[in-house]
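Lettered A, B, C, D, E, F, G and H in written order, each chain numbered from 1.
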Amino acid sequence: MGPEELRKLLEGVQTEQISVDRALEQLRRLPYEDLGYAKIDHHRHLRKGFPEVIYCQGKTVDQVAQIFHRLCQASQGNILGTRATEEMFGAAKELVPEAEYDPTARMILRRSDSTPRRGMVCVCSAGTADLPVAEEAALTCELMGNRVERIYDTGVAGIHRILDQTEKLARANVVIVVAGMEGALPSVVGGLVDKPVIAVPTSVGYGASFNGLAALLGMLNSCASGVTVVNIDNGFGAGYAAGLINKLAGDKQ
Amino acid sequence: MGPEELRKLLEGVQTEQISVDRALEQLRRLPYEDLGYAKIDHHRHLRKGFPEVIYCQGKTVDQVAQIFHRLCQASQGNILGTRATEEMFGAAKELVPEAEYDPTARMILRRSDSTPRRGMVCVCSAGTADLPVAEEAALTCELMGNRVERIYDTGVAGIHRILDQTEKLARANVVIVVAGMEGALPSVVGGLVDKPVIAVPTSVGYGASFNGLAALLGMLNSCASGVTVVNIDNGFGAGYAAGLINKLAGDKQ
Amino acid sequence: MGPEELRKLLEGVQTEQISVDRALEQLRRLPYEDLGYAKIDHHRHLRKGFPEVIYCQGKTVDQVAQIFHRLCQASQGNILGTRATEEMFGAAKELVPEAEYDPTARMILRRSDSTPRRGMVCVCSAGTADLPVAEEAALTCELMGNRVERIYDTGVAGIHRILDQTEKLARANVVIVVAGMEGALPSVVGGLVDKPVIAVPTSVGYGASFNGLAALLGMLNSCASGVTVVNIDNGFGAGYAAGLINKLAGDKQ
Amino acid sequence: MGPEELRKLLEGVQTEQISVDRALEQLRRLPYEDLGYAKIDHHRHLRKGFPEVIYCQGKTVDQVAQIFHRLCQASQGNILGTRATEEMFGAAKELVPEAEYDPTARMILRRSDSTPRRGMVCVCSAGTADLPVAEEAALTCELMGNRVERIYDTGVAGIHRILDQTEKLARANVVIVVAGMEGALPSVVGGLVDKPVIAVPTSVGYGASFNGLAALLGMLNSCASGVTVVNIDNGFGAGYAAGLINKLAGDKQ
Amino acid sequence: MGPEELRKLLEGVQTEQISVDRALEQLRRLPYEDLGYAKIDHHRHLRKGFPEVIYCQGKTVDQVAQIFHRLCQASQGNILGTRATEEMFGAAKELVPEAEYDPTARMILRRSDSTPRRGMVCVCSAGTADLPVAEEAALTCELMGNRVERIYDTGVAGIHRILDQTEKLARANVVIVVAGMEGALPSVVGGLVDKPVIAVPTSVGYGASFNGLAALLGMLNSCASGVTVVNIDNGFGAGYAAGLINKLAGDKQ
Amino acid sequence: MGPEELRKLLEGVQTEQISVDRALEQLRRLPYEDLGYAKIDHHRHLRKGFPEVIYCQGKTVDQVAQIFHRLCQASQGNILGTRATEEMFGAAKELVPEAEYDPTARMILRRSDSTPRRGMVCVCSAGTADLPVAEEAALTCELMGNRVERIYDTGVAGIHRILDQTEKLARANVVIVVAGMEGALPSVVGGLVDKPVIAVPTSVGYGASFNGLAALLGMLNSCASGVTVVNIDNGFGAGYAAGLINKLAGDKQ
Amino acid sequence: MGPEELRKLLEGVQTEQISVDRALEQLRRLPYEDLGYAKIDHHRHLRKGFPEVIYCQGKTVDQVAQIFHRLCQASQGNILGTRATEEMFGAAKELVPEAEYDPTARMILRRSDSTPRRGMVCVCSAGTADLPVAEEAALTCELMGNRVERIYDTGVAGIHRILDQTEKLARANVVIVVAGMEGALPSVVGGLVDKPVIAVPTSVGYGASFNGLAALLGMLNSCASGVTVVNIDNGFGAGYAAGLINKLAGDKQ
Amino acid sequence: MGPEELRKLLEGVQTEQISVDRALEQLRRLPYEDLGYAKIDHHRHLRKGFPEVIYCQGKTVDQVAQIFHRLCQASQGNILGTRATEEMFGAAKELVPEAEYDPTARMILRRSDSTPRRGMVCVCSAGTADLPVAEEAALTCELMGNRVERIYDTGVAGIHRILDQTEKLARANVVIVVAGMEGALPSVVGGLVDKPVIAVPTSVGYGASFNGLAALLGMLNSCASGVTVVNIDNGFGAGYAAGLINKLAGDKQ
């Protein structure tokens, strides 16, 4: 239940269109709804400004479908499931026919087109193999109501590829930089812009990349100011944080 | 040379108060000034919106003093040296008499009072031993022109201490959370606010804290959305990023 | 052979209902029974108060079935096999028809209903994906004769979910807290109760969770007093230790 | 303020010996007292059954002395400061003349002799170099009102040294086992008793002990049931948890 | 070509039963035989006292079969292939019909019954899941001509199981101890005997066992004197080293 | 587009055989060609002396085929795809019929026979299981126009195998040494030659090899001068660097 | 009390030269003598063939001196204290005037010249900085009654230095190889001899040597058969194990 | 003894100016000279083209001075001691009065001005704190007879600082890149030049730099081709390898 719906509910009570009992029934679910294996946090939309997002990995196909269903019932906004398999999507679609699936970003989503896009988040990635994480970030941003500019495959070994994009970078309120291997791109981008940069290390690489550890450490030690870091492959987290920051900028761009 | 000074210089040329030759001389130093052992990036104020900051650790006392001196000469704004010893401060003060030292934050600074404070950054810390890092963050924020609210010693083992501060947290545009040991505070704070949270792990702890690794990993794996992370003990980095974010919010608070 | 059975045997000898030779034969198996690849420790029930538990992982299907069978023959109490596959259960059921399988906890068990439940152990988990470990802990507790209260999906990012359960927590003699990712829940719970807390890190997470390392380190560095930790995903170990502690409390609750 | 003092305060109000205003003044400090750099959690005695304990490492000498002083003023019970230097003790003693110092356990303490000792906690250590950690555990237990039996220098390479102590071990409600190097002692002890065992890895060792990591991992992987683990060198944590467990057993021994 | 065969060849030359040319042809292969992808070290039997052993893992099925074949042709002694799959065995058997396979130890072998067994090596293992490694060690020892005594499933949590075997242990010239999880058994055994102990950590365990790292570190930090360690799961290496040591003891037992 | 082709284009413009418009069209692709998911760096041949090489792992089959195709169209030189599966090769061959596949080195290649071979690079490997990495290095060298001498299966445990090759080693301008397990071969080779040695650790090994970490650390700590190191299993990187070095030597050998 | 002294005591009882009471008094100390902070294991000489050795690190100066004194009183054999400082030696010498100190090996010792030297142990080291560890090994061997041959500074980067020593190596019953940095020497030596090799990694090195980890991993992954490993810098452990092995060989050399 | 001196010696013998006996005496020292604690490898100049270099760390002051002295006596070329303290230099100067000390590079050296400089090695460093390592590399290069161009303080966060130096970089035969923190500079430089790049990670940084591990991993995972890596802080190794490469290029520049 989003803030708009809550306001309507209370106005309905005020105008006596909704009985106190019915309102109570709906409000009782407010803090969270207990499915036994999961407490769905319907309250989050109010508290955090965006509905709860389902992290699907580690949940059973059935659990994912049920939680997705309940969230869709309880809110009119965009609903997201990250790290979802095609099988999970299949099960969710049976309960929520308008559900969609993005195979690159591995996301289940129910879009609500009412959200206008604001500001500008720029998503850069270093290599082609970083695409799934970059798209998870970009799609999360878009579903939270942000305009997104994608700049892909601009690794530092061909530095002119990113230098050519300086103008685009300058227009963004916040830049997400996705990179595996040595994870050097955020330092270069961080030196070019005067906006916050969110660095996302990916597990792309082999050997001494240690599944993204090299990129993670590189980004944490960035010599560029204004760079903060999220977990390896955490495109969603970067997108979410970028969305919160872009929202602060309001309609400025 | 900050943007204001640059504008004045160009206006001086326009109005013929400054000769083209003298302007050229001053502009030649623009990109950077080479001291042999260091290239001072005077350009950074223009490019990044804040003068270069000296990371003093690993530099000799003399190098710190010289670089601090040159930066003070070239800019009217606030100048910062982080991780500075008292001895470095002593040498800097001889060249820049108005230099000050903050022993908790271990910073040398030359304050320029012209900067008005805007918005609100909240700096929380989990324990008393986290103070030096928290103060490094807070002071960096203030010198970049941000209003700062400090909430210290609010570790999660006494959860009511942070819950009592929910109202203050809600007023901030961005929250910095500093914690050592298990580093759990950012997750709790991240669940309470709908603003970006910057988590700073500290090396406070012993044994399996592995000099801050435990806190770092905890924060990277935070289950709260909107949390990004900087390097262990990197109060400056958190303060700088928070300043960039707060600036986006303009005068809103 | 449990303590009750041993007492009966000795009384049988005393009353001459059992010949010394037959008693000797039975007692000879006491210390352990050697299957070549395994020494079954029938003595453990006497020494530790609970029959040997089979850790099935790494054993062949046939070995699991044989050891389960022998333990069931030698004792009237509850018999447990942890980390068991369905295939292992199939083989065990052929030899022990009353065997049951719990697919969430991945346990084979032969229940003996004679055990009354005592005291109260509370099992909390942070997320839905932590269920298998939480259930392994809860089921172990129950089969050792403890009353169990389950509180699931109460991660710290929605802190009100756990604060709502303070009353339940207060009633327990010991609390087991199961969490993956940053593993912060035990610190919060440990700050709320004045009873021992056993923290179980899980391998739930990705990237810098390093298969549960982040949660493990977080729990070891907990700033809450009274928290002790078991191995990653070791629901059985937590359940067993909680059972020993709850037993000390006797019938108090 | 402990539960006994709180009861007296309320009875004083009831019998009108204490004015409501004076009571309010005292109760206002209840949740915590803010020293700026520290929030003293006077409430903890009520909530957790033992006053807040000062972890001195990382605090300044002055901070330690001030916090110790305030805790002593606010409570009649035993007050503890762990990981304290002699210098910290000196400063504390000036404010609290009855303060004592235990150089082996590195603890500052203010003893209140009113606490009777109950039950039995056994503290074993593997080697002579583990003594400081073992004594931190033992002293913590004693100050929380538990009887303590010490069994020191009983490493597994001379297994008869611990086997000789089986009887003593059997009398304890809970056993703390302190060991560095390979940390094998808790597994052996855990196999001998049917009580909870709390294992404390120490940083004693060199080379591949990696400052206690080897012992920590060994204890977490213990094949003995009923063993839980605390952080490397965390004698206080083990003592505190053991005290909570022993308290459950009441006067049984 | 073993030393016996070399002696015969030279005697054949001496007595003119073998032409110098034919002898040269055979001796030319002495240092090693180059298969392109592998240099077979036929010289090793002379230099090290045992023919080259094939480490099959990482080689193709065809490479294993060819190398096994060449070694069998060039020597009359026992020939060994470790870490072999059934498929590798199938291919080897086609070229060497008398080849055998031990599925527990995962070894291909061609036995030459001429080797008499000498001395005594004792192989202990902690748990049933350690069997494959223990058998790799035992079989290697036997094929090198050593008598072997197996003592399996004697983990330290039931310490009486190993104490019961003290007499057997005392008869061995060298003891191999195989253990996963916390790897504590070698310390206990090392304290009981006055002979060299070779510790073999196994990857048996989960979570913080980190695939055998916990056991490896435990064994390297053993407080018992006379314990040396081999790589995780390296049963062959332990068996080989034990064979060299037992050989030094000659026929003493 | 290689330097030769660029010269022809410009000469064509000079001689008016190519219109300025057509030249512009071709030059526009110079810096890179944007496929959306990838920016093909056609410029690299000019800048680095060798066309862009496709690192296939982590790309989809379709992406590999398309990028390979475009590179073949844009350049007449040798084109390489590393870490390619047979399936990727199949898709590439449909678009580029002259494509070949090397299953040991796991490379797709389009050979252009015009490149003469120069100088001498020696590729040594320690064991048979290191072949895929050694061949990746050797093939890369050859396709860059270098003569290659292979010396395989010469691990340090049979030191005479490498000492026998001293003469061959002495003829090389640069030596690549590929080794897994303890990675000691580069130190021995580095002590024998007065030429640069490039060490390639491989993931060959088990247990405490930690997927090549042991070999990597060994090589980084080599006591031999003149040894530099590349990532674990990075045969391509070693071959490429060796090619650059060998090129410096010109036709000297 | 060594086996010889025990025999004399019993013969004294048999011949009535020693009263039963006096014998009892002496035998009562047999298992161990409890100093409170340490249980001196006088029994070890009987059980393990060598008196208890004091690992001095982590003990106080006074504890070392007292334990050394008691061991000297209770046994006529050689007594050893390892990792001892000069200060510890000073305190020990006051109680045991015949005590000596070896500053390279950092050992306190009381020599008993009665032990004849037997067999041959060879101690090799890779570099000059490895000397303290090599000497700890050599001295331990000598005090246990073994003949020792030292071969120092023979690192693999100058392979001829060790190849020149092949003859000496061949005469030893067991070879100890001490090396830091990449730790490759044991693999080379292990390939040259047909005797057991004990590898001792040292913390000599910097950067990615990680205080001896690189050498440790290298040795554990040695491709040479017959190599076993002890802890980083554990010269004593290697010397002790070598002594046990050499003893098995009797007077053979 | 360098190759020139050896030639003179042999010519002296040929022309009978040097007696065979005297020549033998001198040649006997050729392979190495044994000081007991060190074997000085005088042969290395012949075998490797440069005299043995003393790695001073871990050697005693006296050992350093003696080895330095012997090397100076035996060769006319440049002699180097790395990681030397001022105290070591003092002792060396007493024996070799012409010895010099470079405090930034921490090197003792005896210069022989006869070496002409050839080719060009470029040494870049990222920050001022990387100077000691960069200077160790540069000085080593110069003493091996290479021309050196230094480009310091050009970290990637101000990317224009390195882009400005492209021309200088292009003139070098080989580029050494020294960087701490995230170690991203070698990737950027590697993308700009078509020459071999040797990357040197430094321990400059804090927190998650883990003493240079972050920079090391970053460099090993560089996405730029032609980059190889040496140990953390190993300026000498990089300089030596660069010297060997530059030598291959002959007088080309």
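Everything below uses one rule, namely that a residue touches a chain if its C-beta (ideal position, glycine included) is under 8 Å from a C-beta of that chain, and two chains touch if they have at least 3 such contacts.
Everything quoted here is computed from the prediction, not taken from an experiment.
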*Provide the labels of all chains in contact with subunit B and in contact with subunit E.*
C, D
_Between F-G and B-H, the pair joined by more C-beta contacts_ = F-G
*Which chain has its C-alpha centre farthest away from the C-alpha centre of subunit H?*
C
*Comparing each of C-E, D-E or A-B with C-D, which pair has over half of its contact pairs in common by residue number?*
A-B
_Centroid comparison with subunit A (C-alpha atoms), farthest chain_ = G
*Using CA atom averages as chain centres, what separation in Å is found between subunit A and subunit E?*
55
*asked:* Averaging over Cα atoms per chain, report the distance between subunit A and subunit D in Å.
replied: 44
_For subunit D paired with subunit F, centre-to-centre distance based on mean C-alpha positions, whole Å_ = 61
*Please work out the Cα centroid separation of subunit E and subunit G, and write it as a whole number of Å.*
28
*Which subunit B residues sit where two or more other chains touch them?*
127, 158, 191-192, 207-209, 213, 216, 220-221, 225, 231-232
*Go ahead and list every pair of chains that touch.*
A-B, A-C, A-F, A-H, B-C, B-D, B-H, C-D, C-E, D-E, D-G, E-F, E-G, F-G, F-H, G-H
_List of subunit F residues in touch with subunit E within their complex_ = 127-129, 131, 152-154, 158, 160-161, 164, 204, 206-209
*asked:* For the complex, give me every residue of subunit G touching subunit F.
replied: 126-127, 155-159, 163, 181-184, 187-188, 190-192, 205, 207-210, 213-215, 217-225
*Which bits of subunit D are touching subunit C when the two form their complex?*
47-50, 53, 173-174, 191-196, 198, 216, 220-221, 225-232, 236-238, 240-241, 244-245, 248-250, 252
*Can you check the complex and tell me which residues of subunit F touch subunit A?*
31-32, 36-39, 41, 43-44, 57-59, 63, 67, 83, 201, 203, 211-213, 216, 231-234
